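Following this message is one structure expressed as structure tokens.
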Amino acid sequence: MQTTNEYNRKRYRLGLWFVAPAVFVLLIVLAYPIFASLVLSFLRVRFAGQGLSFEFNGLNNYADLLRKDLFREALFRSVYYTVIEVVSVIVLALLVALMLNHPLGRSAFYRVVLLVPWALAPVANAVLWKWIYNANYGILNQALRGLGAIEENIIWLGKPWLALNMILVADIWKAVPFIALLILAGLQNIPSYLYKAARLDGANAWQQFVHITLPGIKTTFVISIVLQSIWALKVFDLIYVLTKGSPADSTVLLNYLSWRETFSNLDIGYGAAIANVLFALMLMLALVYIRALRPRQPQAQGG
Amino acid sequence: MATLELININKKFGDFTAVNDINLRVEEGEFVTLLGPSGCGKSTLLNMTAGLEDVTSGEIHINGEKVNHLGPFERDVAMVFQNYALYPHMTVEENIGFSLRLRKRPKNEIQDKVRKVAEMLELDKFMHRLPRELSGGQQQRVAIGRAVIREPSIFLFDEPFSNLDAALRLKTRGEIKELHQRLGVTSIFVTHDQEEALSLSDRIAVLRLGQLEQFGTPEDVYSRPASKYVARFIGTPQMDIFAGSFVNADGLHFQIGEAGIPLPVSFKIPDTAVDVGIRAEFVTLGSKGFDSAIRLVQPVGPFTYVTVDWQGGCVTARVNGVSHMKPKETIKVEIDPEGLLFFDRITEKRMDLQ
Amino acid sequence: MPIIQRFLTRFFIRFGLITFMLLALGPVIWAVVTSLLPLSSLTSHPIDLNPANVTVENYILVFASSRGLVSGLINSLIIATFTSAVGLVIGSMAAYALARLNMPNSSRILMMILATQMFPGIVIVIPLFLVMSRTGLVDTHFGLIIVYLSFILPIVIWILKGFFESVPMELERAAAVDGASPFQTFRYIVLPISLPPLFATGVFAFIEAWNEFFFAIILTRIHVKTASIAIAEFSGQYQTLYGQMLASAVLASIPVVALAIIFRRFILEGFVEGAIKA
């Protein structure tokens, strides 16, 4: 019975035309490869003459994952890396955001300061830290020696756990600003009358923080944690520039391992299997993000 | 100029029924107001008339022709929106002339027409200003100008005064009424302000929860409301309603608590329970009637509304000029039987008994 | 007592702000300063910071030498410009359709688009690499631009959809009543009043595309190496040319840092807020 009038029909038709190009591009560069990657992970891919040969390999690539120590170590290190990074970034970012939300820190200048590490090209960031960590001439060694904290130069990127932690420091430095901006935006969305009301009710600074600030930025917090976890799992450029996985593969994380297996060792099916594990981890995090963002029950329109 | 007919119009948003089986016929040149509180479906009805929203079922006829399938422009309607909806990046001149430019009319024709409309609305001095450089009243006039230049067969107004302050609202109200008198274009006006509706309309459609409660002249809806709902929605102060019963002793009376209001002999006594509504202008405070305590004194300029405790409820009287009565004082209350409105207690419909 | 407490709070916050500033800007300033010193100053103990030694020779060298930075910058410019331009055109159309043109399931489509943000690049790049090497798209501008759209488009759609939704519905209805077709409404009303956010979204996309490294290292060989690749290779091959290494890092960062600062208002208000509000 319902007829759609000319205008609304045109709107609908225009809508289809308008989403078509984006959908087309995303199908090609996202949907197809995601599907293909799943297929690849069940194949053994070999170089045959000029081209590639594909042969069904069952779950062998995944079985390989379980068998190989390097994968297990990389998985463990990735989890370690992600946990440390997320915790550090969130804590530091919250501190920065609180300071910048204080009347003393409201100046626009501080926000510009935050944008600098964020906008910096990641490779430039890596090069910058490579220079800072330089064993012979790096400012880190020179400063620590100047302060008398160390006697011998430390080869920051030369020892297994130390190297990974130094990469973490460089990554955290670059990641804090964006999360701080997110939390700051969350803080500023808390209406100021809530604080006024709390003060009238006699709440002290700590009580205000616990009962107003923290609940007010809960969603922002969840989103920050998820986004930061995803970014931490993807880390690549820092490893590539700073250590290339050395020493003794101690800085090989999942993303880097998958890349190396695929594009250096040319074990494409195995690389794809690692990629899919990473994908599964991130998908779980993505679901959390979507849940956090999902709007409350929409209200009926009318009036 | 055109007639507009809404036939069995329904609109559902999912499970929610916004408009429920509405029938309405607007005559040529008539000014009709859709009146009701927010959520009553009046704006949805207007949007469906405009062609901005589709009806779920029912037919819309303009000039006797079904227009359900037509878009807003083909229906030849023009609309003035709640927040003016002026194009912020266009000057006054461009805003008013936008519809003509879309139709690719010759430049000088557009210019002439825009100038004429702007002069009529006293906007000719602001032609090259952007909307944000205008006052609220001026923006409102640009919005009207944009509608007028179209020379549409129907004007639609969607609560156009809601963003204006009280003084400007009155002024613009007058301007719209004058405009209608001058152009005589069929107009549909949506508002939740009953005073606006009473002062502007030839006829008023009172809506409640998506249903048409009453469709009549301002006098009809004020003096002969179809239901308790309409009676309470229209008129300031709100009508007071009491339960009571008919008593035939010493002549026919309507008994509210201890007060008996005499009724004429010709009165038809119904066989259902009734409530009675009393408007403030039919309540007299003075030396006759029942002793009552004054509760509230609200001067509004030409009148003072005095609310008194009366028969277990409250009744408000309209007193001319400034009253010097004080709360807690005692005064006698008399009700004019001519002004009583009787409602069926169950169906809440008004009953014609006098 | 409260006065002392107040004083202490302010003292700690000031102290915290200064520490934060030093930590945030220190490494960057250090990189800029040392990029302006000759190698001999950098390799002396302690580093010779004598302002008299300041020189732009590192910058001249990275430009003069055939180490790929110049062509890298040009490639980055081409790729980032086209990616953001194409992303903006396609993305704004899709965003408008999702925001305003009654697309069925638009909220679900949007969630899917958002979720794509979270796919690790490695998952899509392996199959893409195989397809592109067969079709000759590896090491071409076109190939890289298409792949970059995979992460640029979702961002653009997400940001602009939020903006288009804030355009008052009444404006579009007014245009419809004035006789504008849906396309004309988009073209003459929605686009003109959205120019600032459109432009700023473009800038944002430009920064993201410019900074990209992971896809670039896999999908480029010789011809379309981006600035990031050039720097990474340089830092691997000429480990000890610290000054030049830093100079090229600074050069590659100047455009994006400058854009971020110029358009900070939008990035702070538009994008950051957009990420936490659905």
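Each chain gets a letter, A, B and C, in the order it is written, and its residues are counted from 1.
Here is the rule we go by: a contact is a pair of C-beta atoms (placed from the backbone, for glycine too) under 8 Å apart; a residue touches a chain by one contact, two chains touch by 3 or more.
All values derive from a computational prediction rather than experimental measurement.
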Exercise. Report the pair of chains linked by the most C-beta pairs in contact.
Key: A-C
Quiz item: Farthest chain from subunit C, comparing Cα centres?
Solution: B
Self-check item: Centre-to-centre distance between subunit B and subunit A (centres being mean Cα positions), rounded to whole Å
Solution: 57
Quiz prompt | Distance between the centres, which are taken as Cα means, of subunit C and subunit A, whole angstrom | solution = 15
Self-check item: Multi-chain contact sites of subunit C, meaning residues that touch two or more partners
Solution: 176
Practice problem: Mind pulling the residue numbers of subunit A that touch at least two other chains? | Solution: 7-8, 10
Exercise. Indicate the residues of subunit B shared as contacts by at least two other chains.
Key: 51-52, 71-73
Exercise. Quick one: which bits of subunit A touch subunit B in the complex? Just the residue numbers, please.
Key: 1-8, 10, 300-303
Quiz item: In the complex formed with subunit A, which residues of subunit C make contact?
Solution: 10, 13-14, 16-17, 20-21, 23-25, 27-28, 30-31, 34, 42-43, 45-47, 90-91, 93-94, 96-98, 101-103, 109, 111, 113-130, 134, 146-147, 149-150, 153-154, 157, 176, 181-183, 186, 207, 210-211, 213-214, 217-218, 227-229, 231-232, 235-236, 242, 245-246, 248-250, 252-253, 256-257, 259-261, 264, 267-268, 272-273, 275-276, 278
Quiz item: Which of the residues in subunit B come into contact with subunit A in the complex?
Solution: 13-14, 16, 18, 38-44, 51-57, 68-74
Practice problem: Please give the residue numbers of subunit B that touch subunit C in the complex, ascending. | Solution: 47, 50-52, 71-73, 77-79, 81-83, 85-89, 98-99, 102-103, 146, 150
Self-check item: Residues on subunit C engaged by subunit B in the complex (per definition of touch)
Solution: 168, 170-171, 173-180, 184, 188-189, 192-193
